[in-house]
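In the two assemblies presented below, chain A is common to both, partnered first by chain B and then by chain C.
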Partner chain A sequence: MEKYLYITLFAPLLGSLIAALFAAQKKMLFTGIITSILIGISFLSSVILLNYIDGDTILHVKMMDWISAGNIDIPFGFVVDQVSVIMMVTVTLVSTVVHVYSIGYMEHDKSFNRFFSYLSAFVFSMLILVMSDNFAGLFIGWEGVGLCSWLLIGFWYHKHSASWAANEAFIMNRIADLGMLMGLFLIYWKVGSLQYDIVFANIVNLDVTTLTWIGVFLFIGAMGKSAQFPLHTWLADAMEGPTPVSALIHAATMVTAGVYLVIRAGEIYALIPEVGYVIASLGAFVAVFAASMALVNRDLKRIIAYSTLSQLGYMFVAAGLGAYWIALFHLMTHAFFKSLLFLGAGNVMHAMNDELDIKKMGGLYDSMKATAILMTLASIALAGIYPFAGFFSKDKILEVAFNHEAYLLWFALFIGAALTAFYSFRLVMLVFFGEKVHKKLGFHPHEVQPFVIYALTPLALLAIVAGFFEHSFHAFVTDLLKDYEFTLDHSIALILIFATSAVALSGIGFAVYKYSRGGFSESWEKKGIYKLLINQYYIPKFYELTIQKPLYNLSKFAWQKIDLKIVDATVDMIARVLYGTGDTARKIQSGNLSSMLRWMVAGVAILLVLAIFIRPMV
Partner chain B sequence: MMIGLTHYLILSGILFIIGLVGVMRRKNLLMLFFSTEILLNAVNIGFVAVSKYYGDLSGQMFAFFIIAVAASEVAVGLGLLVLWYKRTGSTDLDSLQMMKG
Partner chain C sequence: MNHILTLIVFFPIVAGIFAFLVHPKSVRVFGISVATIEFILSIILWLGFDANTSGIQFVEYIPLISQFGMSYYLGVDGISLFLVILSTFMTMVALIAVSIKTDIKNLVIAVLFLETTMVGVFLSLDIILFYLFWEASLVPMLYIIGAWGSERRIYAAIKFFLYTFAGSVLMLVGILYMGYLFYEATGMWSFAITDWYQMALPFGTQLWLFGAFFLAFAIKVPMFPFHTWLPYAHGQAPTIGSVILAAVLLKMGTYGFVRFSLPLFPDASIYFMIPIAIIAVIMVIYAAMVAYAQEDMKQVIAYSSISHMGIIILGTFAMNAEGITGSIFLMISHGIVSGALFMLVGVIYDRRHTKMMSQFGGLASVMPTFATIYGIMLMASVGLPLTIGFVGEFLSLMGFYRIDWVITLFAGTGIILGALYMLTLYKRSFFGEVTNEENRSLKDLNGKELSALIPLVILVVLLGVYPKPILGPIDLSVKKMIQTMDNKVVTKEAKDLIYKANSIGGGE
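Our next item is the complex of A and B:
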C-alpha cells in the first residue's frame, strides 16, 4: 500500500517538474494533458487508499530522516488515516477537475505551461500538508501552498493589481505564520516532539495556560490561511488570479487548511473548550460579516469569495465547538459545490470577455444553458436546500450550535443561512436571468467547449449526492476523531431543520422575486448601509490608514533620513578621507632616493618614539 | 679612566648619527654607500660591546653576519653603480628619478 501513498504524493510533483521544463516556452498542449493525467493518477491512488483505510488499519510511513541533530529528530513521515485520506481524495478530485478545466480556460494564455507547473506544485504542497505525520511537515506544506498561492494570484504579474494582491496575500499569511511558528515552538519546547501521536499522547500533562497559548497561536496561523477576521482582506483581493486558481486554492483546498489544522489539533482544543468557543464565535461572526458584504458586491468572483469566507466561518463554528467530523464534512461538501460555482463563474467570465460586473450581464441563460444549470445547482447546494450536499453539512453545524446552547451563535448562523441563500440567487438571477443587459453593451457570449462542461459534471454530481454519504462518513472519520454527542431532542432537531430550510427557501424566494422584477431601486445605493457594505466596512481603508501609511512613512523616513543621510554619508566619508589622504600622500612618491631616505629616517624616528613611549600592556 | 660599555655605545651612537646625516644629505651615490657602511659598522660596534659586556657570544655572531651582508651589499651595489655610471656618466642621486609616482 505504501506505493500508492508515494504515487499520490509524487505524481503531482512529477507533473509540475515536467511542465516547469517548458515554462518559458510558448503554449504546448501536452503539458496540460500530462499534468492532468498525473493528477488523475494521484486521485485514483488516493481512492484506493480510501478503500484500504478502515477502523484498524492506517498507513504510517517514515520516508527518511530530515532533521536529526542532538535531541531533535524530525523525520519526513507520512500518515494516511481517516482524516488525511478524506482530505487527499477531496484535494485530488477537485484538482483533477480544475486541471482539465484549465486546459480549456487557459487556452489562449501564452504562459500555459507555467500555469500548469504552478498548479501541480500547489497540489503537491497541499498533499504534503495533509499527509504529514508531524507539525514540521505540515508547516512545510503550509508554506508551500502559501508560495504557490502567491505565484498563482500574481500569475498575470504584469497587471499591477495582480502583483499587489499576491503580495498582500503573502504578507498577511506571513503575519499569521509567525503565530503558527510560535505555537510549534511552544509544542516542541513543552513536549519535545512534533509527531502528532507523541504530542497528543503527552498533551494532557501540560498545564492549561500553556495549552491555551498553544491553541491560540495555532489558531492565529489558521486565521491567516483561512482568511478569518481580521486577516480576511486578502481573500477577496486574491480573486485577481486566474479563475481555476480561485476555485482550487481560494475556495476548495488551501483556505480550508486552517480548518484542517484545527481538526488535526482537535485533541489540543478538546482540552481547552474556552479557546474553542472563541474560535466558534469568531467563525459565526465571519459567517454573517462576510455574507453581508456579498449582498451588495457587483463583482462576480468577489461575491463567491465572500461566500467562501462565510462558509469557512461555519466550519470554524463546528470545529470550535468540538464537532470535528461535521467541520470536515462541511469542508468536503463545500469544496465540491464552491469549486463548481467558481469554475462556472470562469465560464461566464470567458463568455463575457473577462467582464466581472454582474449588473452588466443578465439573461445569459439563453446562450450558456449548461453553465447556468451547473451554477444554479451549486447555488442551491450552497444555500443548503434538501437534498443537496450543503443541506446536510450546514444543517448539522446549526444543530451543533443549538445543541451547545450557544443560541447567539446559532442565531448568527441562522441569519447567515438566509443571507447565503439570498446572495447566491441574487447572483444567479442577475447573471443568467432577467433583462439582457449584455446585449446593449455589445457582448456576444458563447458557451465553452463541451469537454470543459464534462469535466465539471463530477463536481455537480457530488454537489447533489455527497450529503447522502453522511452516515458512512460519520462512521469512517469518528474512528479517529472524537465523536460529537447530540443531546438534542429529535423533534427539536426536526424543527430546526425545517426552520433553516424555510429561511433559506425564503431567501431564495425573495431574491428570485425581487430580481425578476428588476431588483432594488437605485436609491438604495445612496444609503449609508449600502456604502458601508460595498466598501467592505471600510476595513481595507482602515488598514491602509493605520498600518500601510504609517509603515510607508516610516520606511521613507528610514530611507531618506537614516539610510541616505547617516549610513550612506558615513560610508562615503570614510572613502573620501582615504582618497584624500592618498591623493596628498602620493607626493611623497617623488622617485628621488634622497628624499625617500629622509622620509624613511623620519619614519624610523617616529616608530622609535612610539616604541619608547607607548608600550603595549603585558 | 677605564673605557667601559658607555663609551663604546657613545662611539656607536656618534658613528650612527654621522652615517644617518650622510644618508640624508649626500647626493653622490658613492658617498651614500660609504654612509651605509658607517651605519652598519656603528651598529656592529654596539653589538660587539654589548656582547662582551654580557658575556654572550650571539651579539658577536650577529656582527659577523652584518659584515657578510654589508660585503655582499656593497658588491651588488657597486656593480650597479658602475653600470649606471657607464650609462649616464653621473652618480648624482637627483638624476635617478625613474620611479616617480
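Our next item is the complex of A and C:
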C-alpha cells in the first residue's frame, strides 16, 4: 500500500516539474494534459487508499530524515488515516477537475505551461500538508501552499493589482505563520517531539496554561490560512488570480487548511474547551460578517470569496465546539459545491470577456444554459436546501451550536443561513435571469467548450448527493476523531431543521422575488449601511492607514533619521574628533626649536608628577 | 592527509604569488582553477572528516615561539569544517561570476590572498595565529573595495578597515591578558584554544574578557549599533567584494562568538545573554525596517544581512544544541543565499549600471531565468521550508524559545518583515509592465552567470530538503562544546541555565 501513498504524493510533483521544464516556452497542450493525468492518477490512488483504510489499518511511513539537531528529530513522515485520506481524496478530486477545466480556461494564455506547473506544485504542497505525520511537515506544506498561492494570485504579474494582492496574501499569512511557529516551539519544548502520535499521547500531562497557549498559537496560524477576522482581507483581494486558482486554492483546499489543523489537533483542543469556544465564536462572527459583505458586492468572484469566508466560519464553529467530524464533513461538501460555483463563475467571465460586475450581466441563461444550471445547483447546495450536500453538513453545524446551548452562536449561524441563501440567489438572478444588461453593453456571451462542462459534472453530482454519505462518513472518520454526542431531543432537532430550511428558502424566495422585479432601487446605494458593507467595513482602509503607511514612514524614519543621522553620524563624529585632535596636535611638531623646548619642559613636568604620585606594581 | 589543513590554508596565497607571473589575459582562468582546486581540497577534507567524532581532527601542531606558547596550530571540527567549505566554495563561485575587466590580475590575486586569510581564521586553533589571519583579512578587502568600488569607494573602504580594525585592538588586549592568566594559573604560556578551554575563570574576569572580545566580534557581525560600515562597504564594493563580504567575512564574527566567547567565558555569556538577545532583536527588526525603506536593491540585501545575522546571534546565545547548531547552519545558508543575491544584483548592475528599483519593473517578462533564480533565492532568504534558509532560522528561533518566548516572538517578526521587504523588492523590480524602455532589450543570464548561479540554486534546494550531512557533524561538535561549557561554569545560575536550556519539559 505504501506505493499508493507515494504515488498520490509525488505524481503531482512530477507533473509540476515536467510542466516547469517548458515554463518559459509557448503554450504546449501536453503540459496541461500530462499534469491532469498525473493528478488523476494521484486521485485514483488516494481512492484506493480510502478503500484500504479502516478502523484498524492506517498507513504510516517514514520516508527519510529531515532535520535533527539537539534533541529534535524531524523526519519526512507521512500518515494516511481516516482524516488525511478524506482530505487527500477531496483535494485530488477537486484538483483533477480544476486541471481539466484549466486546459480550457487558460487556452489562450501565453503562460499556459507555467500555470500548470504552479497548479500541480500547489497540489503537491497541499498533499504534504494533509499527509505529514508531524507538525513540522505540516508546516512545510503550509508554507508551500502559501508560496504557490503567491505565485498563482500574482500569475498575471503585469497587473499591479495582482502582484499587490499576491504580496498581501503572503505577508498576511506570514503573520499567522509566526503564531504557528511559536506553537510548534512550545510543543517541542514541552513534549520533546513534533510527531502527532507522540504529542497527542503526552499532552494530557501538560498543564492547562501551556495547553491554552499551544491552542492559541496554533489557531493564530489557522486564522491566516483560513482568512479569519482580522486576517481576512487577503482572501477577497486574492480573486485577482485566474479563476481556476480561486476555485481550487481560495475555496476548496488551501483556505480549509486552518480547519484541518484544528481538526488534526483536536486532541489538544478537546482539553481546552474555552479556547474552542472562542474559536467557535469567532467563526460565527465571521459567518455573518462575511455574508453581510457578500450582500452588496457587485464583483462576481468577490461575492463567492466572501461566501467562502462565511462558510469557513461555519466550519470553525463546528471544530471549535468539538464536532470535528462535522467540520470535516462540511469542509468536504463545501469543497465540492464551492469549487463548482467558482468554475461556473469562470465560464461566465469567459463569456463576458473577463467582466466581473454582475450588474452588467443579466439574462445569461439563454446563452449558457449548462453553466447556469450548474451554478444554480451549486447555489442551492450552498444555501443548504434538502437534499443537496450543503443541507446535511450545514444543518448539523447549527444543531451542534444549539446542542451546546450556545444559542447566540446558533442565532448568528441561523441569520448567516438566511443571508447565504439570499446573496447566492441574488448572484444567480443578476447573472442568469432578468434584463439582459450585457446586450446593451455590447457583449456576445457564448457557452464554453463541452469538455469543460463535462469536467464539472462530477462536482455537480457530488454537490447533489454527497450529503447522503453522512452516516458512512461519520462511522469512518470517528474511528480516529472524537465523536460528538448529541443530547438534543429528536423533535427539537427536527424543528431546528425545519426552521433553518424555512429561513434559507425564504432567503432564496426573497432574492428571486426582488430581483425578478428589477432589484433594489439605486437609492439604497446612498445609505450608510450600503457604504459600510461595500467598503468592507472600511477595514482595508483602516489597515492601510494604521499599519501599512505608518510602518513605511517609520521605516523611512529609521533609515534616514536614526541610521544615517544618529548611528552613523556618531561613528563619523568619533572619527572626525580623532582626526581633528591629530590635526591640532600636529602643530606641536612645528620644527621650531624654542617651541619644542617648551613642550619638552611641559612633558618632563608631567612625567615627574606621574612618577611621584602614581606607583603601580610596587 | 597529514598536512591537508596547511595545504588548504596556504595553497591560495602561494598560487596568488605565482599569479603575478601569469599573463593578464589568462589570469581569470588561473584564478578560477586555483579556487576550484582549493574547493576540491576542502571537499577532500570533508570526505576524510570522521563525522562520528565530535573532537578536533587533522590537527597540525608546530611550536613557533615556545617560550611564549605561540604555535602553528591548526585543526578542524564540525563547527569550522563547513565554514571552510563555504569560504572555498563562495570564492570559487564569485570568481567564476566576476565580470570586472580592469586590473583583473590584481583582483584575482587579492581574492586569493583573501581566501587564505578566511580559511586561516576558521582553521586556526592558536589564538595568536587566529588574530593574524583575522586582521590580515582586512587588507585584501580594503583593496578590493578601494580599487574596484563605485564613487565613494575610498570612504567606504577606509571606514570598513578602521572600524573593524579598531574593534579588534581591544580583542588583542584581551588575548594577551588571557594568555597571562593562563601563565599565572599553570606556570607556562599557551595560546592554544584547546588549552584555554580547560581553564575555568572567575566570574569577574570573565566579564571583562568577554567584553574585550565582544567588541571585535560585534563590529564584524555587525551588530547594532556597530553596523553602519556595512551598508557603505556593500554599496561601494564590486560584486565579488560584496559576495565574499556577506558570505564569509561576516561569519567570522559569529564564528568568534561560538569558538571563543561561549566556551571560554560561559558564565559571562550567560550573564549577558538577555542584553545580547535584545540587541539581536533590535538588529532583526530595525535592519528589516531600514531594508524596507531602501530604494537601492543592493542596500536592501545589505540590510537584510544584518537582520539575518540577528537571528544567528540569537541562536548562538540560546545555549542549547538546537539553537547553536541552527545558528551555524544559518551562517552557511546565509552565506550561500546572500552571496547569490549579491551576485544577482551584480548581474543587473552589469547590464543597466544602476541598482535603483525604480529604474526597473517588469523584468520577469524580459529576463525569465534571472527572475526565476532571483525568486528562488528570495524564498530561501525569507526562510521557506525545503529551502536552505528555513532550517537554520527554525532551529535558531526554536533554540531561543527555550530561554525566552517573548524575545523569540519579537525576533520571529523577522520572518514577516523579511517577506515584506523582499516581496516589495521583487514586485517593484520584476512585476508590472516594463516601463523603462532601456529594460526592454535586456539579455537574460549568460552561460558564465548561469554556471555560477546554478550550483547555488542546487545547494539551496538540496540542503533545504536534506540538511543532515551538514547538521550532523555540526550538532556533534556543538554538543561537545556545550559539555565543555557545562564543565567549566563557575556560577550556579549559569549551570542551571545550561541545564534548563538543554532539557525538555518542566515548569517555566
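As a convention for this text, the second predicted complex is superposed on the first by the 557 of 618 C-alpha atoms of A that agree within 3 Å, B and C clash if a C-alpha of one lies under 4 Å from a C-alpha of the other, contacts with A are read in each partner's own complex, and residues count from 1 in each chain.
Operating definition for what follows: contacts are C-beta pairs under 8 Å (C-beta built on N, C-alpha and C of every residue); 3 or more make two chains touch, one makes a residue touch a chain.
What you see is a predicted model, and the numbers here were worked out from it, not measured in a lab.
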Chain B or chain C, by number of chain A residues touched: C
First, second, both or neither for A:Val601, with chain B first and chain C second: first
Partner chain in contact with A:Ile612 - chain B first, chain C second, else both or neither: neither
Partner chain(s) touched by A:Ala575 [first = chain B, second = chain C, both, neither]: second
Contacts of A:Gly154 with chain B and chain C, given as first, second, both or neither: second
Residue ranges of chain A touching chain C (in the complex, touch as defined): 23-24, 64-72, 136, 139-140, 143-144, 147, 150, 154, 157-158, 160, 163-164, 166-167, 170-171, 174-175, 177-178, 181-182, 184-186, 188-192, 551-552, 554-556, 558-560, 562-563, 567-568, 570-571, 575
Residues of chain C touching chain A in the complex: 159, 162-163, 224-225, 227-229, 286, 289-290, 292-294, 320-323, 325-326, 329, 362, 364-365, 368-369, 372, 379, 382, 384-386, 390-391, 394-395, 397-399, 401-402, 405, 408-409, 412-413, 415-416, 419-420, 423-424, 427, 430-433, 465-468, 471-472, 474-475, 479, 502, 504-505
Residue ranges of chain B in contact with chain A within the complex: 20, 23-24, 27, 32, 93-94, 96-101
Residues of chain A touching chain B in the complex: 586, 589-594, 597-598, 601
